[in-house]
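Next come the structures, one after another.
You will see two complexes here that share chain A, one where it goes with chain B and one where it goes with chain C.
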Partner chain A sequence: MIKSYKLQRTIADVVIYVILGVLGIIWVSPLVWLLLHSFRAEGGVTVPYVFPKEYTVNDYYRLFTETDVFDYPKWFLNTFVVAVFSCIISTLSVLMVSYTFSRLRFKSRKMFINVGMILGMFPGFMTMIALYYLLKAMNLTQQLPALVICYSAGSGLGFAISKGFFDTIPRALDEAATIDGATRNQIFWKIILPISKPILVYTVLTSFIGPWCDFILVRIIMGDKRDNYTVAMGLQKMVDKEYKQNYFKQFLSGSVVVAVPITLLFLKMQNYYVEGVTAGGVKG
Partner chain B sequence: MNKTKRFCAIALAAMMAVTAFAGCGGTPQPTTTTTTTGGDTTASAATGGDTTATTGDDTGDPLGGEGAAGPISLKVWGPDAAQAILKEQCAKFSENMKAYGDITIEVVPQGEADSAVQVLTDSAAAADVFGFACDNLDKLVTAGALLEVTGADKDYVTNINSEASVAAATKNGSVWAYPETGDNSYCLVYNKDYVSEEQAKTLEGVFEACKAANKKFVMDAGNGYYSCLFMFTSGIKIDGFEEDGETQKFSDYDEDKAVKTMLAFHKLFTENKDFFLNGEVTKVVDGFKSDTVAAGFDGSWNFSNAKSTLGDKAGFATLPTINVDGEDVPIVNMFGYKLLGVNAATLYPNTAIELAKYLSGEECQMQRAEQLNWGPSNKVVSESDTIKNDQALSAILAQSASSVPQVGIAATFWTPVGTFGNKVVDADNPIDEAACKEIIKTTIANIRDE
Partner chain C sequence: MTFIEYKSLSRSEQIMYKVKEFFSLLPGKLKGFFGAIGKFFVNLVKNFIGGLKGYGSRFVQGDMSTKLSYVVMGFGNLTRGQSGKGLAFLAAEIMYIIYMAKFGLRYLNMFDTLGLVAKRVVTLPNGRQSIEFVDNSMLILLYGTMSILLTLVFIAVYIANTKSAFEAEQNQKAGKKNLTLKQELVDFLDGKYHITLLATPVLLISVFTILPLVFMILIAFTNYDQQHVPPGNLFTWVGLQTFRDVFKVSEGANKGYTFVQLTKWTIVWAIFATFSNYIVGMVLALMINKKSIKFKVLWRTLFVITIAVPQFVSLLLMNQILQDDGVMNVILGYMGIGPISFFNSSAIVARVTVIVVNMWVGVPYTILQTSGILMNIPEDLYESARIDGATPVVQFFQITLPYMLFVTTPYLIQSFVGNINNFNVIYLLTGGGPQKDMNLYQAGQTDLLVTWLFKLTMDSNDYNTAAAVGILVFIVCATLSLITFNLSKSSRNEEEFS
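Here is the complex of A and B:
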């Protein structure tokens, strides 16, 4: 039996930190490996040790210059454009739907909420083939706008979380604004949105990452149109058995570069996120 | 202020609505193409078979009059590596056929492994002529995605190509595709500094050489594509499907012989476990680079990498023999072929068939053998000096003679066979006769999903 409270606490801390440390290493190690080996100069596909002996940026250079087989810059741009547009459209649509369901009272509100919930339960890829033929009927297959449409069209269904957030904002704010002569539309843009930064950031991040990482839809829609591939699809091509031997290190570099925009976005957004949390709430 | 806002909102909404519908009518040309394909497919597929056979001889127009109706445009799928040469060959074809019609051919990169999936997703958007790996033949034929090779074309294909490659393009007694290559498999690749030509003939010799040089031998024993050689060499061979079309059928085999062969493999691999590396094929060339590997079973698609790494020291040989009960038994593996298929939904069946015939013909196969090092399926090209002087290509072509063609393979085949392979080479868990019998039994049961 350990008597000293201090000693007891120290031991508990040590145990907890060791466990956390081990878990942390396990989680981070694949990323560290990816980063280290994307700069590896020697060896082929893999090497039997963890730390490369020589470092180079050659594979990054090749990734952006040798574009005759794998046009990575083009794919990167495609992905970026699709993700940005999908992100803007779906963020707006999610927030507007949530606001409507949270604040407005109309006859079929309950029904729409339920229908939305039920539709949201079906996994998206169930409808992929049907989606393809619908797009084909509209002559939109193998085009980037098709991706934007698919990613953002149904996004309003993901209203649940932001509606929950809006529900916590006191209606007193709306009422005060109404007395001052604001319309519903003005209340949304000028009152609700500014104090909803955390949920805004959350919505932006999720709606950006979705299209950024998606693979299945691109694969089905794009077919043989290489110029319109996105990064996820292109990277997968690099590890096909014919290319793996020569392109694996470029694949690693490509995987690192893919993470850059998301990381930047998150870092940038994180400031607002913290600010949003501390600055939110009703005063007076 | 308010008015302008409202106006803007309406204008934006209108713009969105217009763009949404723009897709429907914006490009009329493709729309007509897609709609006509639906109605025309059956008719063109039906004519496709006999027109080429007859018109080719009767009127002298190999395109069956398709050129007379207007310009013909075709799409061809081929792998990235072959883009340049494929474009040249297609241009040559258009040039040859100039007298019969104005043919424009678009060459689009699409790997052979993936093309079948793309064709099955949407055959109207797929290429008219496309290369695919022969293990996809079943799927494509079942889905009706391929135009059958009939009449004079069938004789032509059967006569010029090796028997095995035609067998790989055959299902239910009909030929469905045009063999393009005869090298989609693997054989022994070794470093001549460590392994002599004599040693490369037997697996015992290969291990002996590895032991002497303290280098490794690489094989991906956990991958069904490679480990199937343990089963096939043991005499347990597959024989297409049962009547249901999805359960793997096995031909009869001698259990005692199978067990003996399996134990011979097991003994050899476990005795030499320090010189054996069970890993991906990429480890072969990687190992050559770091000078840790003396030999390995590597695929033909990696031959050029092995050559560029080892230079003159790169050796290629057919899979070695294994000594079972004092007898050297040749190792039997799985052998794939790349085939050219004609899309059943093509608008120009006769032209597409002619193009497939040309691209799979002697001239084009020779060019590919010379420029891309692709092993031919064509009999004349196989006998040519280009092939005979190329150690890698002659090794892989020689291998095809004693291999099981990669056709009629159930989706459930690969994983159990991979597990089987891992058990055969597992040095930590020795197996005896009874265990062998049990492993064979469970593997077959798993493949057949029983």
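Here is the complex of A and C:
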């Protein structure tokens, strides 16, 4: 009896290993395909076989040197600059708003929270057109600051997760500090922020990654001004019908170049992500 | 009822319990929801009336310089040693007047008609004639809305000014010294710290989220469509006509038919996308976290790496892989299966394809998010089940799934709402195609309501329809989310740790 139970368990484990193995391969194979074919030497858009026959770094080289049609290095720099600035502004807004809602008590606090939640539920692109004309009125369209504004201005509305995190910090800390004569300003900067590293890292990384992935706002704001595209927008342009024939492999290598740093960042962030979401999100 | 009590019910009783719970809670939830909205407006009116009352009585009771600050803002503060505050009020008034005189009034005047003259012919100095655009309905609406919002803010500042003047007077009469500017500023770092922290985000959100949002909501009540695109054309208020068009079903290609079809598909999509990800993700998480399984980090990384790659890269990549001559068809060819046109053959193939690809994108998220909760399922439940001879499959359906559904309902509803709004997957994979149904207006057969909204604004300039669809989507999502928010413990236990 006991033996067969053990056997059953081993069989179950083997089955699980097989399932995990097969699914794992299915899950990563598109990415492996991307990586392999970004080094493919022969052929254009598609080849009638799975593995490339010859490998080269030519397309990576062309990506960074042939910049007259598609200026990838410029896009990369654009995205980096936009990401850094909107990351700073977003992080500050999110932390300020969530700290206020979580730790400070004032009149109409509930109302602010509810209005904030309701605003967050409108489909994002509903406001795009109005936003465009607003930026146009400020003479900001087709310029990078417009992107920074778009990515970071509304970020305060994403307070839910970090508010959930701040809610879990014992109130006694604030009280003790108040007795020692600290102002709320000092409590925020010197007591709460230093112990909020997980949520700080989470907020910084998510707001840094955001601009690398957006391709909708860029298209509306930049229009045909290719110099100010970001990576996401530019890569999408490369697979448009008119360019796809010549630039497909550059699209692949460009995707790899942008995916690698983001992937590394995300894998670093993973634990903070889980921690942040479980602390601030669903509390079973 | 605790989970253990719930589990001790028989299967049919459990279902009955869930159904009964849902319907018994529903009226309360809806009542609470609409009650909260009602209360919000009642409070608003109450505050407003209270404000007006205080406004009048302060004027009657105040002395000359308080009365004067009803006209010249900040006067009361200026004469009572609070020059910094007084000057700030005065500056606000002057700025508002300049804004209104130079800019705002012009647009407010035309706000009810949204412009009368679209264009006129002018004679240039060289004798030639040319067309000049006069009124631009879009700008009138945008700047008019802006002026109205600004006026509301100004009224709030104005009331605060009378209050501050009156308080300064009362303080002086009581023999107390009024706070200096420096003392007031210091208070902004402590007692009024919430104002300091919220000021910038609220300003940014007001200008770049609320203003555009109000503008777009107003658009839904105009006839701003492809026949009325300024400059050169005017649009005007039409009341609820746009909503009537969206709900009107008739023969031929029209918005009503499209709306019904896309709503059906959006719901089907949201249900399939949510539950396929949920169940597959949970099973995988269970497998990875099973005690006897080794290389946990490896398995986890294999799956999680797909979320790490930016979504637009992975989705564009999938789009290329699944093209008619893409690598997927090459592989199928090796297996002797003829090439399949994933995106262009029929609606059903394209729809299944996006649901499957969405699993590839979404399952890793479920793995990440459910792992922690899965570990919290009481081990003794499984132990007793094993003693009773339950197979892993039975354990999953009898213990894991009910427990998870019990605990993660809010998460499920959240991802349901997320899928209703899942723009990226549809837009990057199929672009809405295939376009076989000619009766759809500006949409393909895998278009969701949100991607239709996007196409209506970007491709066909039907801004009013887009705004109306946006409002409808919002109503559905907001109702669902508010119900969730009330269900989830995080709202009730907000003060748990304090």
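Simple rule for what comes next: the second predicted complex is superposed on the first by the 259 of 284 C-alpha atoms of A that agree within 3 Å, B and C clash if a C-alpha of one lies under 4 Å from a C-alpha of the other, contacts with A are read in each partner's own complex, and residues count from 1 in each chain.
The criterion applied here is as follows: a residue touches a chain if its C-beta (ideal position, glycine included) is under 8 Å from a C-beta of that chain, and two chains touch if they have at least 3 such contacts.
Owing to the predicted nature of the structure, the values given are computational and were not obtained by experimental measurement.
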Looking at the overlay, what does A:V69 touch: chain B (first), chain C (second), both, or neither?
-> first
Name the contact category of A:T46: first (chain B only), second (chain C only), both, or neither.
-> both
Of the partners chain B and chain C, which touch A:L140 in the superposed model: first, second, both, neither?
-> first
Based on the superposed arrangement, let me know which partner A:N246 touches: chain B (first), chain C (second), both, or neither?
-> first
Have a look at where A:R226 lands relative to chain B and chain C in the superposition and call it first, second, both or neither.
-> first
Check the contacts made with chain A and report whether chain B or chain C touches more of its residues.
-> C
Which of chain B and chain C A:P123 touches, first, second, both or neither = second
After lining up the shared chain so the two structures overlap, which partner does A:V97 touch, if you call chain B first and chain C second: first, second, both or neither?
-> second
Both chain B and chain C touch chain A at residues 45-46, 129, 220, 248
Of all residues in chain A, those that touch chain B in their complex | 43-47, 69, 129, 132, 136, 138-142, 145, 220, 223-224, 226, 237, 240-246, 248
Enumerate the contact residues on chain A facing chain C in the complex.
-> 9, 12-13, 16-17, 19-20, 23-24, 26-28, 30-31, 33-34, 45-46, 48-50, 93, 96-97, 99-100, 104, 106, 109, 111-112, 114, 117-119, 121-131, 133-134, 137, 149-150, 152-157, 164, 167-171, 183-185, 188, 209, 212-213, 215-216, 220, 232, 235-236, 239, 248, 251, 255, 258-259, 262-263, 265-267, 270, 273-274, 277-278, 281-284
Chain B residues touching chain A - in the complex, by the definition given at the top | 23-24, 26-27, 30-31, 34, 77, 79-81, 108-111, 113-114, 118, 121-122, 125-127, 280-283, 285-286, 289-290, 299, 301-302, 305
Which of the residues in chain C come into contact with chain A in the complex?
-> 36, 40, 138-139, 142, 189-191, 193-194, 196-198, 200-202, 204-205, 207-213, 215-216, 284, 287-288, 290, 292-293, 299, 301-314, 316-321, 323, 325-327, 330-331, 333, 360, 364, 368-369, 371-373, 376, 392, 407-408, 410-411, 417, 421, 423, 450, 453-454, 457-458, 463, 466-467, 470, 473-474, 477-478, 481-482, 485, 488-490, 493-494, 496-498
